[in-house]
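Each of the next two complexes has subunit A plus one more chain, namely subunit B in the first and subunit C in the second.
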Partner chain A sequence: MTVFRLTLAIALCVLVAGSVVMAARWFSPAGRRLPACASAFGRALFRGRFLAMSRSLILEILLQFHVLRQSPVRWLAHFAIFAGFFGLFFMHALEPVLSRPYFPDYEPTLDPYQFLRNLFGAMVLLGAALALVRRLAVGRLRRISGPEDWLALGLLFAIILSGHLFDAAKTLSERSFDRMAADYLPSPAPEELEAVKAFWAASYGSVFETPPPKDPQTVEAGKELSDASCAMCHAPASSAFVTRPMVLALQPIAPEMERLRADEWLHDAHYLLFFLFIAWLPFSKFRHILTAPVSLLCRAAAGIPGEAGGPAAETRRAMALDACVHCGACSLVCSVGPSYEALADPAVLPSEKLKSLFAYWRGKPQSVRDRGRLAEGSFTCTACYRCSRICPCGIDLQDLWLASKRELNEKGPKDPYVFLRGRAEIPPPPVETLMRPRRMGAAHLPRLTGDPGTFAPCVQCSTCTSVCPVTAALGASPDDIDASPHQIMNLVRMGLRDDAIATRMVWNCVTCYKCQEFCPQGIKVADVLFELRNLAHARLRDVDFQDLGDPPRTDAATGRGA
Partner chain B sequence: MERKDVSCDVLVIGAGLAGMAASLFALEKGLVTAQAGLPGETLFASSVLDLMAVTPIEEGRLWEDPFAAIAAEIAQNPAHPYAKVARKDIEAAFGAFTGFLAQAGMPYAGRDGRNVEILTPVGTSKRTYRVPESMWKAVLAMEEKAPCLIVDFEGLKGFSARQIAETQKADWPGLRFVRLDFPGMTGDLYVEKMAFALEGESVRQALAEAVRPHIGDAAYVAFPAVLGHYRPGKVFAEMERLLGVGIFEIPTMPPGVTGLRLKAAFEEGLAGKGLKSLFQKLVLGCRVEEDGSFLFSMGRNAEEFTVRAKAAILASGRFFGKGLKAERELVREAVFGLPVEQPKGRAAWHQKDMFDQAGHPINRAGIVTDARLRPLGADGLPAFPNLYAAGSILAGQDWIRMKCGAGTALATAYAAVNDIAAG
Partner chain C sequence: MKTYAYFPGCRMAYFIPRYGRALRAVFDALGVTLRDMDATCCGFPSRHQSLEASALSAVDVLARAARMGYAIMTPCKCCFGHMKIIQASLRDDARLRRDVGALARRSGDREALDAAMSADCRHLLTVLARDLGPEVIRKRSTVSLSGLTVAAHYGCHALRPSDVTCFDDPIYPTVFETVLEAAGAACAPWPQRLECCGNPLWGKNDRLALALMHRKLDGAAASGADALATACTWCQMQFEGIRLDERPPGVVGTYSPKIPSVFLAELLGLAFGLAPEALCLCGDAAAMALFSDHCQGGRDLPEILKHG
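Our next item is the complex of A and B:
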């Protein structure tokens, strides 16, 4: 037992240390950020955000209704894991400190506790199975799922399954039976012991080296004895609806398990896996158990969009990096998702860009290529706000992107339009890159802009420009609109694709699709703007940024990487 | 992508004036209605509703009584679609249509049984039947030849107050003009943005400040049609209050805010009545089920879903609307491949003179129907027992020159829906 206590102590230390380091990251430099956060928190309470925070605590953090509204399947999966896991945690893992002191009749093998343990276990297994199937079935989700996602799911399965298997192995084990019999059947007559064995074999499925008799009289006699000595601590096997089928399935190999002392090592494995979970928590996606509630409360307190700048916003950004569960919800709704398909650059998708940004902001070494990809993903983003709205952990993703774009524009690689402007002669990708469509995606092919049919019906009626919210927003400063949407359509129609790419408008488009919706001729205006961007990104991959005046890179990595 | 197959009593194909009217009438008859097509072309509508003003077009004869004009046209040209709709149905169609638009915040005005006259953006006058209330004082001002100030804006293309005043000078000497900077905007102006800006109080006040010194003796002030997009009634009333004189709008060159207002009124109002809107989706193919209903294959490029419809109304418009497709020698109907009544060979499509007052034969090409507005197949019988056609795709009319576009759209949509509802 001391080994377990020691392991548990180590795991808890790791958990505490990891969490403290994480929280320190959020609030450092503490002199600047702590007071700002405290005052922001105070302001929120003072301004009556208390109700919103209570609402978030009940509806979002405990019941997760915001996920239910988005996707009932995702909610079912997550809520089953959440409720089952915490049910087990409080009732079963904290048995010595909660269940026993507060429930005088508590006994893990008595109902309702036995039933509840099975119910919670079944919920976690069902939820994890749903999550697994969803990750495998949704194409984009499968592609962005990494080792951590699979490991986390695997650990959940392993903890719950090892627990139930341990339970089953113990029920099957003769040695366990003998130990219990020695304690609770004081000096039984041999035929009495036989009768109890017969009853346990018949109703609980225990397996004995010398099979006890099966005749009804003996079993009935065993039942009476068992009722007198065992039933006060053992509910009928039927309420253990997860363990029971395992017992029946394992009966054929029960003697072998007994020989290998399976009940003992399954017990150890169950404990160690759970300790592993505790220690891994602050370093894995499981940290969202701690961070997501904080992030959701912050969102409720600050509102969305929150404060644009200042130390409190920096803390929220740092927190956001830790709150992500990599559930992929943002990537499934991303408006520039099609660019991911075309550019084959995962950093286009919010969930992947967040990982990249995590590395960038935490100062982890990044290759030039990774940095280029981060920039590509960042500048493909149109700040449409969908990711912020859907994030189940309450992360204001858009705020992260706006901040990272500002930073990239200072430190490089910059907004592609900055390079492209006035440099219409950017060489097309070399042939060998064209031969590698998997890496390049389809972005180097001018599917729409190379097809005269795309523009043939355009009558330059300027409807697209008239309804464009970007030209409206920038209307006061004509410098910002160097070309309006209908003029870009005309540039492309005249074959001046490179000039079109180098306009600011192409990069200012917010992909609201109003132009495309309103076009009386059904021209795919927004899709064309999209394609121009993708073409530019695909080309920039093969351009040496230093030749274009990009500030020298500080990265240790050399060359452009493949 | 999620696939949502639709089932309905009637599918309206086309989202212009005729299609929107057909959907409205069908919904009001309690039919389960779906509508497909690109509503963007509504942006080209001036929002005035013509009934019939010119016939015979060779003579350019103008009529005050549109119903008398219709009778005269039918007498001479029995192929005109109006020949298939009774006067009471035409009146009922206008009543239902303008009633719906009034509810949607776009009330109309006019005189029963009489055409009225308004100004166009190039300064000519035009006869029409019903005008948005924001243009009604144009009718009064023109009848009175009252002193008026026409305002235009630096940077707004296709609208010159000076041109309007110069063109009307001989008949209407009291017209004056002024060109102003639009508050808060420079460079090229776009009407949608101006209309949106005017929904804000400060812009209205700034505009009123700029106009006020020029009013002088004017009884009315005229603006290009930019007075509000989503709440035109409010913007109009506020501007009138701020200026202290009557105001009216003159339609701008298409595409304009007048069309945007119509589009918004349709899309919101029809959705409120339960329309299954499939805007942006096109009919890609069609087959007839055993019970006679249509099974349409729908999508943008490839099939995305199907629509099962007991009946369909083809309101896909002419060449610009892509209901008719002009090939080198032949005009085809785009959705069903119906026979198109047309001049024989390209040489016969046009007159020698582009501006020939009689119009070009190709302008009268279109779909021929039976008396119940069901398109005829090659054998002269209805191509389908449950397919109807409405609006400008119909043969036998030259709506631009006759000034009968909106009336034809409303009347034929109304008659087609009545026939479907009578089932």
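Our next item is the complex of A and C:
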């Protein structure tokens, strides 16, 4: 027992230490953020957000109605795990400090407690099974699920199943029976003991080395004795509706289990798995048990959309990764989901971008490729606000994206578009990338720009240039116009595609389509410009975003990017 | 009763939810049903990055609308133009059709391409001017907008390339003026009405984005307009959100007068006599000034706008 107490103590220390470190990260620098958070909280309470916060506590945190509105299946899965797990936690895990002192009649093997334990266990199992099926069945969710997601589900199953299996092994065990009989059937006559064994074998499923008689008289006699000595602590087996089928199924191997002392090590495994859960909690997605309620209350206090700046908003931002349960709800509704399908860049999806962004913010080492993907994902986002509105943990994702885009453009890795605008050339991709399987077919190959027919009718009349609003803005922004549209068409016609891509004009195009509309020869000028930008982006992906973070050809005079 | 699959696009929900509410109020008043779509990105913003990715987005939106059985109505010209361009490109470009079809199949939708090709995509302006007609708007307008001169901002993506978008005459379009005049407003002769608002470069090259915007605003003010009317989310964001005080250092050119920019839906709501609460104009000082002036009499409307 001391080993268990020691393990529990260690697990609890890890839990507390992990949680403190986590919270410290939210509030550092504490001198700035703590007072701001306290005053924001006070303001929220006294300026009418109290109702919203109470509402969030009951409807969102306890009942999770906001998830029910989004997806009944997801709600069922989560609520079953939530309610079952907390039922077990308070009634069963905290038995010595809650159930026994406050419920004088409490006995784990008596109804309603035995029934409730089975009910809660069944709820967790059902919820976890639903969650597992959903993760496997929804393609995009399966693809973004990582080891942590599967491990967390596995641990839930393992804790609950080990508990029920322990229960079943104990019921089956002759040694357990003997121990109980020694305590509660003091000096029985041999035929009395046989009768009780007969009754327990018949109604609870216990298995004995020498099978007791099965005749009704003996079983009846055993029932009377059992009623007198056992029933005050043992409800009928039927209410243990999860354990009972396990008992019946395991009966054939009961002697073997008895030999291996299965009840003992299942007991140990159940405890240790739960201690593992406690210790892992602050480092795994299970931390959302602590953080999601805080995050949801913050959302209720701040309103939607929340305040954009200030130390309190920074704290909320710092909380985001810790509050995320990686449920994938945001990534399933992400409006640029098709870009994820096409580019195969996980950082396009909010749930994955969140992880990458926090790795970036916390200064964890990231490969050039991952930094490039973070930039690509960040600037593919259209800030449509869907992820923020759906997040069941109340994370203001939109605020994160708006903040991170600003920061990325300042410190790099930049918006690939802005990066490319200042490049004289992009290095050619390594040869092996040519062999890469490509999701988008031939997207990296020229379409209009590779076809001489595209430019054959061009007479260099420069109509495209004379209608171009960017060329017309030459006076206002002289550095930005280094080639006119008809010169670019001429470059591409001569096969100097890379030189065309290196001009600023290609990247300063406003896509107004006037050039194309007014071309007397029907040349798709604007579409060609689009294609040049597409090809540059494809090349950038082929070189794995090489040094996207480095400042490009500097030119302080031009706008935000270059 | 006419029904459309309503596609608001990506910017509205967060940046100007007011516009969406005004639009719904106006369509309610016109007796037109707008059905929500479970989609928010037409793919236009990723067109620079990848034609294929942006086409896949458009296909997703178009296929959804086709399966709902309604034509799309979008208040965003970029959405409208992009979806039209993608429909045409898929029709003409076998390579794009093959690659996007493969992507759609991998996402589990085998018939997406066919559904998308059969979808019908309309813009707010053509819905008002052609599907419903100016007569309907004229009948519904109870508050006179006379005395108000509006500069109609056409912008780019609905109008061009005209052979693909089939929106209006690319050189002398009239659809915006038709709607405004039906609601009782006068239209300013604004030479730059077909030019770009500058928003496509916002965040990419802010100086150019502002230079283009100011050229337009200067022209609008010179044409004698009291307000600018927009019918595109991106354009409205450019004129409304990105104001003179955001002009970065180093920007040259004349400073434009503060000429307010109002959504078409808000102007129509005003003409239809809808309550400001229904239009959610309360957050918008310029639109509020228009409204209070017209409903309570009082000061000369253009005066208010000049000070607003």
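Throughout what follows, the second predicted complex is superposed on the first by the 423 of 562 C-alpha atoms of A that agree within 3 Å, B and C clash if a C-alpha of one lies under 4 Å from a C-alpha of the other, contacts with A are read in each partner's own complex, and residues count from 1 in each chain.
Following the convention adopted for this analysis, contacts are C-beta pairs under 8 Å (C-beta built on N, C-alpha and C of every residue); 3 or more make two chains touch, one makes a residue touch a chain.
The structure presented is a predicted model; accordingly, all values stated were derived computationally and were not measured.
Engineer: Looking at the overlay, what does A:H92 touch: subunit B (first), subunit C (second), both, or neither?
Structural biologist: Once the two structures are laid over each other on A, A:H92 reaches no partner at all.
Engineer: After superposition on the shared chain, which partner residues are touched by A:E517: those of subunit B (first), subunit C (second), both, or neither?
Structural biologist: Once the two structures are laid over each other on A, A:E517 reaches both partners.
Engineer: For subunit A, which side has the bigger count of touched residues, subunit B or subunit C?
Structural biologist: For subunit A, the partner with the higher number of touched residues is C.
Engineer: If we overlay the two complexes on their shared chain A, which of subunit B and subunit C does A:S462 touch? Say first, second, both or neither.
Structural biologist: first
Engineer: May I ask you to decide whether A:V418 touches subunit B, subunit C, both, or neither, giving the answer as first, second, both or neither?
Structural biologist: second
Engineer: Could you tell me if A:R533 is touching subunit B, subunit C, both of them or neither one (first, second, both, neither)?
Structural biologist: A:R533 contacts subunit C only, not subunit B.
Engineer: In the superposed arrangement, does A:T471 touch subunit B (first), subunit C (second), both or neither?
Structural biologist: first
Engineer: What residues on subunit A does subunit C touch that subunit B touches too?
Structural biologist: Subunit A residues touching both partners: 472, 475-476, 517.
Engineer: Across the complex, what residues on subunit C touch subunit A?
Structural biologist: 10-11, 13-15, 39-41, 43, 45-54, 56-57, 59-60, 93, 95-96, 98-99, 102-103, 106-108, 156-157, 159-162, 170, 195-196, 198, 200-201, 203-209, 211-212, 214-215, 248, 250-253
Engineer: Okay, in this complex, where on subunit A does subunit C touch?
Structural biologist: Subunit A residues touching subunit C: 139, 305, 335-336, 338-339, 341-343, 376, 380, 382-386, 388-389, 398, 409, 415-418, 421, 439-443, 447, 469-470, 472-473, 475-477, 480, 507-508, 510-514, 516-517, 526, 530-531, 533-534, 537-538, 557-562.
Engineer: Sort out for me which residues of subunit B touch subunit A in the complex.
Structural biologist: Against subunit A, the touching part of subunit B is residues 38, 40-41, 43-44, 184-188, 190-193, 196, 254-255, 260, 280, 320, 322.
Engineer: Going by the contact rule set out above, which residues of subunit A touch subunit B in the complex?
Structural biologist: 461-463, 465-467, 471-472, 475-476, 478, 484, 517-522
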